Structure formats: structure tokens, C-alpha cells
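Next come the structures, one after another.
What follows is a pair of complexes built around chain A, which joins chain B in one and chain C in the other.
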Partner chain A sequence: MDPYEIEFIGENRLVSVIPNFTYDKIYLICGEFGPFRAGLPMNVPLWLAVMLKQKQKCRIVPPDWMDIDALETIKEAEKTSRFFTKMPNEHYMVEAKLILGAAAEDIPRAGEIKTIIKDIWDIRMSKLRTSMDTLMKSGGSYGRLDHLTMMEINSVKPLLPSAMDDLLRIQSMAKKTIQPSLNTSSFSQSGSSQNI
Partner chain B sequence: MDFNDQIESSGDEEEITAEAVLKTLYNAWQNERLSPEILPHCNEMVECMLGQIQHMERNINKLPKTDLRASIHKMELSRIKYIICNYLRARLCKIEKHCIPIINEERQRIESGTNYLTPSEYKYAQEYLLNMEGHFKSVVLDKVPGNMQTFEMNKMAIYPNLQSHVFLKANETVNGVVLDLPGEQDEEIDLEEGSQHILLYKPVADLVKSGKVQLI
Partner chain C sequence: MDNNYLSISDILVTNEKVPCKFLHDLPKMGFLDPSAAEDDLKAGSNVEIPLWLSESLYSRRPPLVSVELPKIYKDAYREILNADACTVDMHKLGQYFYEFGCYISKHDIKGEVGSTLINTFRQRFRMLLSASVSRDSLIALQPLSASERQRASAASKTEQALLDWLHSGDCVLTTANMVANHRKRKRAEMEMV
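Entry: the complex of A and B
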């Protein structure tokens, strides 16, 4: 799938906004939101938050995890752990990109946050590449990927599954070529014994 | 107010909420995009959502153009339409690619009443095959010596590769999924609820169809 499609899925997550207008409840197909009260925080899907922000009708409240200290802790945990740690948010990269892109002025220390999130992403991606390498070298055709987010999984999709497909094909070809040679030898033996 | 009331009442008529239908469509779209073979259709959901969209569009037209609600609703509808179009297109793509095996398998499934294609998709598949055959005949086969003129359906068939690897997340715990690997003894694994894996599509194909796992 395209990274934009993952972003599209991530846009359905709820974020908190503070609208600067007052309006009744709105009944969308994906649920009802509101009532909008100027100055009071409320939850809306991310796509709606970005849209309202672009129309300058709200401020986006930074999600709890989008905080320097919290992110530093995650970064340290990610560095020390051999495995992937659980991210505070299944679509952290999408949320960070969209919120920091559309509403950087609503987030305190947006620049630093961007850098830390990028660091976390880089650590996780290099870990992912190492584990892919190990998986391929061990000739495995099964792997467990807990705590990886959709965007991270998607980034290895052009490579990992097809490499594993090819490996499997080679393994089954190897098996097939060994077996017939055994068969033919047993055939010729039985054939010759019949002739005699 | 009138606008909101109408939408609410239309939601009440359905046994499941529009929200739940949308969720199902999202999952079906994701599965369809990521699985190597065609999956059972969810036409009822698509039809239901299209009905909702039409209803919503009629109501939006009653609102003044500059109304904020109108633009929010329009945005949501565009998003849903995108999902539906993309879902149906992904299915048509597979139907065109694996046309011959799909028609053959579908014939048996129709007899047992477990069809994967909607009637119109089935018709599309059959017409596509006929057109393809006609095209090959008029372009090549009619012009070659008589003993080579037969259209060999089986040699033309492209089968979906069920031995490909997919990523999945377990919606519920499934124990004892058997991975039949070549050259090794069968390995059994357990999929715990919420866990994520990469493995062969074939052993989990039924779990995808029954919704016990979600492709990611």
C-alpha cells in the first residue's frame, strides 16, 4: 500500500482540538462530534482537526505523548531494548507529521519534538533492518512483529515479503530437484530387476 | 435542526450503525488490497454505505454553500467514496488478472451458495474472458495454421500466488495455525489477540475470510 494510504487510515484517529467558534453537534457517518464550544477542548478525527486548522477555526491540543520528556524516555527505552518497544500511539509518525505540519505553532518546542520523533523512527528502522537480515539469513518464513506500527511495516513491504517468497520458492525447488533424482535411481533399479 | 434529525432517523432504521458499516468497509478494503487472492464480497455493506452517501448528499444540497457543516460533510463523503472506489477497483484488478481460475472456482461456489463475487462482478469476469478470447482470436489465432488455432484456456490461466507472505494482526486468539513449510516438519504457531506476524498467506486464508485476523 502507498504511504499516503496509511496516512489516510491514521487520519481517522481522534485528537483533541479547541475550536474558536460555537456550533451544534455534527452527525457524521463515522460518529457524532460536538457540540463545539469556543475555548473548550473536544475530540475530533485527525482529518477534521487538520481541516479546521487550515480554515483557522481551531487550535490543536498536543497529544499527551507529544512531549519532550515522554519522548526522551521512549527514545532511551528504544535504544536499550533489544526488541521493539510499544509506541504510545499506533500511528505516531502520521500524527506527528500531520500535526507538526499543519499546526506547528500549537505545539510547544515543535522543532525539538520533530527531531526526537525522527530519532525514534531511525532507531526503530535500523532495528527492523537488522532483524530482517537475521530472519532472511536463518531462512525463516515466519516472524513476529509486535509493537511495530503500520507505517513501519509498510516501509518494508516492497522488500521483505517478496524476498521471503523467493526464498520459499528456492527452498521448494531445491526439495523438488533432490527428490526426483532419488526416484529415478529407484525406478531404474526396479526396472532392471523386472527385466531379469 | 431538520438536517440533523433526518440523519439520525436514517441511522436508526438500520440494525447496525453507519459507523460500524464504515469500520467493516475499512477492514474489507485493507484485506482486499493486501491479500493475493480475491476475498468474499461485502456488497451489502457497500450498498448500505452508498445509500447513506446519497441520503447525506441530498441533505447537504439543502444547506447554504458557505455553511461549515456542508464542507465537513463533503470532506467525509469524499473520504468514504475513496475507500469504496479503491476497494471495488482492487477487486476488479484481481478479477482481470486471475480471470480464468476465478471463474472456474466461482462456478462451484455459486452451486454451493458461497459465492465470492457479486452477480455484476461475475458477469464482468465472464465478459472480460470472452472479450479476451475474441481479441486473441482476431489478432493472432485466426491467422496461424489450423492446428494451432485452439484457445487453450488452461495455459492462459494466471493463478494467484497463495504461497506469498503477508503481514497480519490477530483480532482474536487463534491457536495451532499449522505452517506447512517445504523441507521442514510442520510448525505450529499460536496467534494471540493483538499480536502481529509475517507468515504465509495460505495457512491463514480462512482466518482472513472469517475476520479472525486482519491483514496489515
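Entry: the complex of A and C
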């Protein structure tokens, strides 16, 4: 899947905005939003928030997790843990990119947040690569993708699934040929047990 | 690797040559052996024939040929592959190493070819990973076998799309210059080399 398609999926998440205009309810395919009251915070889909922001019609309220201290804790946890930690948001990368792109002035310390989110992303991506390699080397037959976000899972496709497919094919083929030797070993085992 | 009758890659795989020993005299078949002087093919002569031909000759009762292992599946090469599969240039030694190996393994009496294939595949997976992120893709792709190349280029396409997405838009999430130049941040790349 293309990253832009994932961005599109992520754009449906709700974010909180403070409009500076008053308007009736609006009816969208994904639901109805409004009525808009100037100065009162409300939830709208991310794409709508970005569009309104670009027209200077609203202020975006920073999501709870977009906070230096919270992100710092996540980064530390991610660094020390061998496994992936739970991200505050299934589409953290998409949300960060769009909100920081359109409304950097609404977010306190936007520059630092940018860097720290990129840090977390880099740590997770490098962890993802090394764990893929260990998965293959250790001979595991499945990988757990707990706490990976959609964008991250997409980055290992099609490599990991297709490699697993081929490995399975070689394995099932090898089993067929190894079978006879296994049988003889079981014969010898049964023979030895009779001796005892 | 798929045994589909119309699969082009499967046809290419079965066109690879295998060394065979003929068990019977075959009249008028001398042309199969380029070094033979006579019209008839003598029993006991060693000839390299395509896999598709050897399969049908081998499956006759009684079999007309005995199939031997190509050199890359023999003990000497198997030892190298088991020691460090990443050093082997599959493009030179066996374009269709895994696919061909699947066909060949049934002629291996000891049944070790199968496990070598699996081991090799497991070890060489990291080469695919590093090929997909490397900037100099030509050098990274060079030692890969045909199917590995296919997989690596698909992976690097994904990687490229992701990079494009990260770098698009008016706000690029980037690492600070100082941090990027710091040795620690090269961890990801260093681990792959």
C-alpha cells in the first residue's frame, strides 16, 4: 500500500479544533459535525481540521500526546525495551506530520516535538529491521506485530510476507525429501527400546 | 518456485542444466554429448542436460539416467553456505538457487540439500534488508539470485515510497543536523553492514 493511502486512512481520526466562526451542522460522508461556535473546542476529522486551518478558520488544539514530556517518556521506554512499546496513537506519524505541517504555530515547542517524533520513528524502524533479521535467523515461523502502527507494518511489505511464503515452500519441499531418513531413525529407536 | 505450468520463471528454472549419468546405451542420441564422436550415446557417459529432460528420463521405469548434484549443492559448496551464506555470489553460482534446489533435493540421498536451502535463505535475508535500504543499489543487488533480486527491488520500492512520503509536504520531520552526524544515529546502518 502506498504511504499516501495510509495517510488518507489516518486523516479520518478526530482532532480537537477551536473554530473562529459560527456555522450550522455540516453533513459529511463520515458523519455530521457541528454546529460550529466561535471559540468553543470541538472534534472534527483531521483532514477537515487541516483544511480549516489552511483557510485560517480555526486553531488546532494539540493532541494530549503531543507534549515534550510525554514523548520523552515514550522515547526512553522505546529505547530500553526490547519489544515495541504502545504508541499513544495508531497514526502518530501521520497526525504529527499533518498537524505540525499545517499548524506548527498552534503547538508549543513544535521544533523540539518534530525532532523527538522523528527520533522515536527512527528507533522503531531500526528495531523493526533488526527484529526481522533475528526472526529469520532464529527460525521462527511467525512474528508478532504488537503495537506496530499501520505505517510501520506497511514498510515491511512485501518483503517479509513474501520471504516467509518462500521459506514455507522450501520447508515443505525439504520435509518431503527428509521424510525417509526420519523414518529410518524412528525404526532404529524402536529397535533400541526393544533391546532394553 | 511456483510449479505453475505457464510460469515463465519456472520454465527458466527447469532449463538449467544438471549433470547426469546415462545408464543405458542410447542409439542415435550421441548429439546430446558434445564431446562424443559416435552417433550412439554409450552407457556410463556423463552429460549435462536440462532439468526438464532429466526429470522425464529419470522417472521412466527403468530410469535411463541417474541425476547427480550440480556442484553448488555438493558438500564443498554446502560447507561454505553453512558457514556464511552472505559471502556467496548467487548471481554467478546459481541464478535460481532456491527454485532449482527444490527440484534437485529429491536426488540427494543424504537429504541435506533441503536444510542447506533453508539455512541459506535465512542467512541471506539480511542481504535483502540491506539491499533495500542501500543507496548504491547496483552493488547491493549484484550478489543476489534472481528471486532475491526481485524481492529486494520490491522492498526498495516500498522504502522509496516511504521516504518520499516523509519528505513531502510543507513540514518535513527531520533529524537535527548535529544529531544526524552523530555516530550513534548511524546505528541502524551499521547494524546492517
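Descriptive notes on the structure:
Here, the second predicted complex is superposed on the first by the 175 of 196 C-alpha atoms of A that agree within 3 Å, B and C clash if a C-alpha of one lies under 4 Å from a C-alpha of the other, contacts with A are read in each partner's own complex, and residues count from 1 in each chain.
We adopt the following convention: contacts are C-beta pairs under 8 Å (C-beta built on N, C-alpha and C of every residue); 3 or more make two chains touch, one makes a residue touch a chain.
From a predicted model like this one, the values you see are computed outputs, not experimental measurements.
After superposition onto chain A, the partners chain B and chain C occupy separate space and fit alongside each other. Once the two complexes are overlaid on the shared chain, A:A70 sits clear of chain B and of chain C alike. In the superposition on chain A, A:M42 makes contact with neither chain B nor chain C.
Judged by the touch definition given at the top, the superposed model places A:I18 against neither chain B nor chain C. When the two structures are aligned on the shared chain, A:L145 is found in touch with chain B, with no touch to chain C. By the touch criterion defined above, A:K57 reaches chain B but does not reach chain C. When the shared chain is aligned, chain C comes close enough to touch A:I117, but chain B does not. Of the two partner chains placed around the shared chain by superposition, chain B is the only one that A:I153 touches, whereas chain C remains out of contact. After overlaying the two complexes on the shared chain, residue contacts for A:D133 are found with chain C alone; chain B is out of touch.
In this overlay, which is a superposition and not a single complex, chain B and chain C have their closest Cα atoms 5 Å apart. Touched by chain B in one complex and by chain C in the other are residues 157, 162, 169, 171, 174-175 of chain A. Contacts from chain A toward chain B in the complex involve residues 1, 5, 8-9, 12, 21, 23-31, 47-48, 51, 55, 57, 141-148, 150, 153, 157, 160-162, 164-165, 168-169, 171-172, 174-175. Partner chain C is touched in their complex by these residues of chain A: 2-4, 7, 93, 96-98, 100-102, 104, 114-115, 117-119, 121-122, 125-126, 129-130, 132-133, 136-137, 139, 151, 154-155, 157-159, 162-163, 166-167, 169-171, 173-178, 180-181. Against chain A, the residues of chain C that register as touching in their complex are 1, 98, 101-102, 105-106, 108, 110-111, 113-115, 117-118, 121-123, 125-126, 128-129, 132-133, 147, 151-152, 154-155, 158-159, 161-162, 164-166, 169-171, 173-176, 179, 185, 187-188, 191-192. Residues 1, 4, 7-8, 11, 18-19, 22, 26, 30, 33-34, 49, 52, 56, 68-69, 71-73, 75-77, 79-80, 82, 161, 163-167, 179, 181-183, 187, 189, 195-200, 216 of chain B are the ones touching chain A in the complex.
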